[in-house]
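See structure below.
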Amino acid sequence: MKIHEYQARELLASYGLPVDKAYICRNVDDAVRAYHELDAPLVVVKAQVHTGGRGKAGGVKLAKDEIELRQHAANILGMDIKGFIVDRVLVVKAVNIASEYYVSYVIDRKSKSTILMLSREGGMDIEEVAHNTPEKIHKIVIDPLIGVPDYLAREAAFKLFDDIKQVREATSIFQKLYKLFVDTDASLAEINPLVLTEEGQIKAIDAKMTFDDNALYRHPKIAALFEPTEEEKKEQNAKSKGFSYVHLGGAIGCMVNGAGLAMATMDMIKLYGGEPANFLDIGGSSNPTKVIEAMKLLLSDKNVKVVLINIFGGITRCDDVARGLLEAFNQIKTDIPIVIRLTGTNEKEGRELLQGTKFHLAETMGEAGRKAVELAVSY
Amino acid sequence: MSILIDKNTRLIVQGITGRDGGFHTVKMKAYGTNIVGGTSPGKAGENVEGIPVFNTVRDAMEETEANTSVIFVPAPFAKDAMMEAADAGVKLIICITEGVPTLDVVEAYRYIKIKGANLIGPNCPGLISPDKSMVGIMPTMIFKQGSTGVISRSGTLTYEVVYNLTSNGMGQSTAVGVGGDPIVGLYYQELLEMFQNDPETDSIALIGEIGGDAEERAAEYIKKHVTKPVAVFIAGQQAPPGKQMGHAGAIISSGSGTAAEKIAAFEAVGVPVAKEPSQIPDLLKSRL
Amino acid sequence: MKIHEYQARELLASYGLPVDKAYICRNVDDAVRAYHELDAPLVVVKAQVHTGGRGKAGGVKLAKDEIELRQHAANILGMDIKGFIVDRVLVVKAVNIASEYYVSYVIDRKSKSTILMLSREGGMDIEEVAHNTPEKIHKIVIDPLIGVPDYLAREAAFKLFDDIKQVREATSIFQKLYKLFVDTDASLAEINPLVLTEEGQIKAIDAKMTFDDNALYRHPKIAALFEPTEEEKKEQNAKSKGFSYVHLGGAIGCMVNGAGLAMATMDMIKLYGGEPANFLDIGGSSNPTKVIEAMKLLLSDKNVKVVLINIFGGITRCDDVARGLLEAFNQIKTDIPIVIRLTGTNEKEGRELLQGTKFHLAETMGEAGRKAVELAVSY
Amino acid sequence: MSILIDKNTRLIVQGITGRDGGFHTVKMKAYGTNIVGGTSPGKAGENVEGIPVFNTVRDAMEETEANTSVIFVPAPFAKDAMMEAADAGVKLIICITEGVPTLDVVEAYRYIKIKGANLIGPNCPGLISPDKSMVGIMPTMIFKQGSTGVISRSGTLTYEVVYNLTSNGMGQSTAVGVGGDPIVGLYYQELLEMFQNDPETDSIALIGEIGGDAEERAAEYIKKHVTKPVAVFIAGQQAPPGKQMGHAGAIISSGSGTAAEKIAAFEAVGVPVAKEPSQIPDLLKSRL
C-alpha cells in the first residue's frame, strides 16, 4: 500500500528523523498561507500523487515569491500525472543543498531479509543508478534478530559521509528509519534525497513509504491512509471478499483459483488469440458465497463477453466451487456463455453437480481456452 | 528415492483442530502420510482421526519423534508456529498459511536457519513424493510415482503441469510448491541441487512467474550445476507492471521481474521454456 | 541492587501485570487509613525490608479488623529483621488462594542466558524446593535474540496451568515480566507466589526484583530507589571511586588490585592466623587519586592495626600505585605500619619509588602475609 | 603448540586510540604480538605506533585478514564492539572491558556463537602463549614458555600463580583469564578440553573463586575427560555470603557458590586444591 510523501514525512518526523516543517494544501489560498507561515526566501511546491516522475511531469516547482507560488500552486493542483489528478500540494522551504544521498530499507528476495540500500548518487532515479553504475549502490543485509546495532549503522554511515560528526548523525538516522520500517511493516522506506545542506545539516528532503498489505491488519492507522483509485477500489473490494482482482480490459473474464494458474490462463487466452478481461484469483480456501461474489464482480465488467472458469482443486474443493456456481447463477441471470474447467480435489463430485447445466464444460486447460476464445469471437 | 519427504517422514500437523488443518489431515492420512501427531493449545488428550493432539510442538516431539511439521494456523499466528516448530527441533517445516506478513517470514526464516532446519512456504501447497508421502494440500489423485522433479512458485499451476506430466506417462519423484510470497523458504537453487543429487530424479520441471529475479538466478545455477534436463514454464506474460497478481510476490516492479526477462534468461542458458503448461512433458522427453 | 516489594509491585503494575492495589505506610495511622481505603474483610500487613524470611520473623500478618491491623502495624514497624529495622509496611487486601506458583526470570551462568524458572510449589522458599524436589522446578532458557515469543510463554504456562483460559493469562504474564526484566536490566524478577484465586483470577501476591549494578547507569529511575545500609553506603562510596569494598571486621586492612587476588589475600591472612579487616579491590585501571581515596577508606576503619597492600600489576601500573601511595601518605599522617608487595607492569619503577620510605616491602605474597600478621600481633 | 593464540595470531585492537587501548597496544606489540590493525571510528588513516587505524572492524578485516580482536572500549559500548567483531568475521574476540551490563553480554555471546566465533571475557585480562603472542593486559615479564596450561577467573590471581610457576621453573603453554563476570565466554570446560588436546600442555593450573557452580562442573568434566594433572586454587574462603567480592560474578547466593563446596568438589574427584597460590607448582610436579 502506498502513501503520499507528506504522510511519509509525518511518519519520519514522529520517529525523530530530520524533516523540515511542511504544509499540505488543497487550494491556492492554503498554499499562500503556507508560504507566509514558512517565511522563507525560496519554497518548493510539490504535487502529492501515488506515482513517481513528478518532477519530470512539472509537479515540483520552486517559488521565490508569492506571485510564483500562486502560479505554481494553481498549475500543479488539478494536474494529471500518469492518470493521477493532483488534489494536494506540499509547500516547504527550499534548502541549500551541498550534496545528495540515497537511503532506503527494502525487502530483498535474494537475502530473504531487509536490506539497507545506500548511494552517494542521491536525488536521482535509483533504478537508473543501479542499472548504469551498480558499484555506486551499497546494500547491507539486516539480520532481523539483531536489527541495526550502532556498529552496523556506523558502517553504513561511513559509506556516505567522511566527517565523523555527519557519520554520527547518519548512524542515528539509519537506526530510526529501520525502527520505523519494522514498526510499521513497511516494504519500502526511502529517503531520496537525504541531503547535507550548505549549513552542515543532514535532512530528509523527500520520503516514500509503501507497506505490506498482509500486515495492515495490525496497523489500522496506516491502513486508514489508503486512498484507492477507482480501479483499486474494485481490487480492494475483491480483496475484502478473499480474492485478488486486476482489471485488464479484454472480453474474456477469467475466474481461477491460484495466482499462477490465473496468470497462465490469461497468457493462454492471449496465446489463442483472445484478450483477457481480468486477472481473478479466488484464492486458497473457498466457500459458495465467495464464488457468488466473484461472479458478480466479473459480470459487472460490461466488456466481458465470455467467462472462463478454470479451477484446479487443492485447498479449494471442486464440489464447493460447483455448488457456488450453481447458487451464483440462480441469483445472477445472464446470457453470457460460461466455460468451466474443473479438476482436482473432489473433482468427480464437482463435475457431477454441473452435468446437464448450461455451462460449457472442458476437460483440459487448452480446450477451455480455445472454447472461450471461440465463443468470444462468435458472440 | 525422492527429496525432503518419503516413507520415513513423521509428520506433525500444527493447527490440526482447525477447519483446513482437519480437512487436509484426513486427506494426507488417506494418502498414506505418516502423521504422528497434531497440535492445538488446550486440546491435549483429544485426537483427530485417531491422531493424538498435543498442546505444544515440544510435547508432540517428545512423544512422537516427529521430523516434519505442516502449519495450518491463521496468518497472524504463522510466525509463532514456524518458530515453535524450529525451536522444538523439527527439521523440515512446511507453512501452508497464506497472507503472512513479510517481516514475520523474514524473522522466522532467520530463526529456522539458525536452528539448522528447512522451511517450505509460507503461502504454498506443500509437497508430495507420490506413493510415499504428501504434506500439504496437494490433490493427490493427479500425481504418479516417477522420476520428474517439480518445483513451482504456484499451487494450482503446479497441478496443471503435474496433470500434464502424469497424462503423458511421466511420474514425479517429488513435487514442491515453494510458495508465492516475496520471501519464502527453500527455493529454486536448493531444490535444483537436491534433485540433481537425487538418483531417482532424471528430469526437472520448473514453474516460475513474474516478480523478483529468482528465475534468473536459477538459470545461472542450472548452467553451472545441473546436468539433468530442465523445462520451464513462466506465468504472467500478460500481467501489467506494478500490479500484484494474487501472490504477494507476483509483481513487476520498476520494469524488472517480467516474464520476458525470465524466459530470456532460461533460453540464454539453453533451458527450453514452454508456451503453455501442456508442452512441458514433450520438452523434457525430447531431452531425456 | 535490591528494591522493596512495594517498589517491585509498582514496576510490575506499570507493565500490566496483575498486582492488587496496596498502600505503603510509615506509621500506624497511615496503616489504618489504608485499611479503610481497602475496605476488605481481611488485609495483610507486610514488612518492607531488603532481606528474605519476613514471614518467619513475624513481619507478615493478617488483620481481620482495625484493632488487629493497629496491633500488627505497631508490632511490625520498628521490628528488627536480620539487622534491618522496618520503617515501612505494605497494607493490601488478602485474597482467597486456590493454588500458589513460583515464577522468576533470573540470569543463569550455565546457559549464559536468562532463564524462566517455574514451579507449582509456589509460596515456599524456592531454594528449598530446588534442593529437596528439583524435579518440581522447570527451567526454560531464553534466547536473547528472540525473547519470549507466544509459543515459548505458552509452553511455560502449560507447566503451571491446565485450563486454557488460565494458560492464556499466564502466557501474557510471562511475556510482560520478561519485558520488564530486560527493560530494567534486572538480575532477578520473581513472583512468589503467583496465585490462582478461588474466584479464578491469576495474581502476583509478592514480588522481588534485583538489578544489575553494571547497568544502573542507564536506569536512573531505578538507581534512585537505592536505599543503602550504613555498610552499603561505605561500599557504594568506594564503588563511586572505582573500587570494591566489603567490611569484614578484623585488624589487617587489605588493599589489593583484582578481586581474586584480594580474596586470596584475605584467605592467606586467615591461613597465617590473622583476621582481615576488609576486602578492598582497587580495580583494573588506576590513578594516584584512587589510591589516596582507597587509603582514606581503609584508615577510616578504627579496627585496622596494619595495612597490607598487595599489588600485582596488569592494567594497573606499579609506578602509578607507588606514586599514589607516596601522595596518599603525604596527606594522611598515620603511624599504622604498611606492608607493601608490588609486582608486575612497571614493577621496577614502582619499587624504586618506594625504596627508603617507611613502608615494609615484601617480595612474595606469603612474605607480605606473614609480616602483616606479625605486625598486627606486635602492634 | 599452545591454545587459541600463537605466532599465527593476527590481532585487531578495538579502541586503539583510547588510553588503555593505546597503552596496551604498545605493550602487546613490544612482546611480539602481531597487531595488524586497530579501530576507532573517524580516525581511519591515522596510525598508533605504526599500526594502521580503521573506522570499522569490517574495514580492518578487509585490509588485514585479522583473525583475533581485543576490545578496550568503555563498558556502554562493549556489546556493540563484540557484535561488530563477530559480524565482521573475527573468530576469537577478547573483551577486556569491565563493568559491561550482564544482559549486554548475554546478547553478544549468543550472537558470537551464531557467528561461529569464540569470546573470552569480558572483564578479563586476556591470554598469553609465552614467547608467541599476548592479547590483553597480562604483565608479560612473569611468563615463561613451557607446558603448564593456566585457566583463571581472576586477573591478578593468575599472575600470582604464574609468578610461582615460573619461579619454580614451570613455564606456561597458554594462560587464559576467563573473566570475573557471571556471564563470560570460554570457560573451564572448553579450555580444559583444549589443553587436554594440546600436545604441548602436560599439566593444568585452574584458579577458581566463589560464585556459581562452574568449578563443580569443571571437577565433573576433569573426572570424565582430563587425564593430565590438574591443580586448583579457590579464592574466597573468607568471603561473607551475599556480598559481591569485586567481580560481579564473585558472590555467594543463598548459601551456594561457596569456596568450601568448590574445594570439596575437586577433592571428591581427586584433584588437589592448594591452600595458597604458591603451592600450585609442587602439587603439579608431584603428579607429573
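Each chain carries a letter (A, B, C and D) given by its place in the written order, and its residues are counted from 1.
The rule is short, and it goes like this: a contact is a pair of C-beta atoms (placed from the backbone, for glycine too) under 8 Å apart; a residue touches a chain by one contact, two chains touch by 3 or more.
Just so we're clear, the structure is a prediction, and the values are computed from it rather than from any experiment.
Looking at subunit C and subunit D, the chains that touch each of them are A. The distance from the centre of subunit B to the centre of subunit C, each centre being the mean of the chain's C-alpha atoms, comes to 54 Å. Centre-to-centre separation of subunit B and subunit D, using mean CA positions: 48 Å. Look at where the CA atoms of subunit A average out and do the same for subunit B: the two points lie 26 Å apart.
Multi-chain contact residues of subunit A, defined as those touching 2 or more other chains: 145-146. Along subunit D, residues 111, 114 each make contact with two or more other chains.
Chain-to-chain contact here is organised irregularly, matching neither a line nor a ring nor a star, and falling short of all pairs touching. Applying the touch definition to all chain combinations yields A-B, A-C, A-D, B-C, C-D. Contact residues of subunit A toward subunit B in the complex are 107, 109-110, 112-114, 127, 143-145, 182, 185, 187, 212-215, 217-218, 244, 246, 248, 256-264, 266-271, 276, 279, 281, 283-285, 311-315, 343-345, 347, 364-366.
If you check the complex, the residues on subunit B that touch subunit C are 41-42, 55-59, 77, 80-81, 83-84, 87, 111. By the touch criterion given at the top, residues 146, 149-152, 154-155, 158, 164, 167 of subunit C touch subunit B in their complex. Looking at the complex, you find that subunit D touches subunit C at residues 19-20, 24, 27, 75-76, 96, 98-107, 109-111, 114, 125, 137-139, 141-142, 152-160, 163, 180, 182-183, 207, 209-210, 212-214, 217, 233, 235-240, 243-250, 254-256, 259, 275-278. Subunit C contributes residues 145-146 to its touches with subunit A in the complex.
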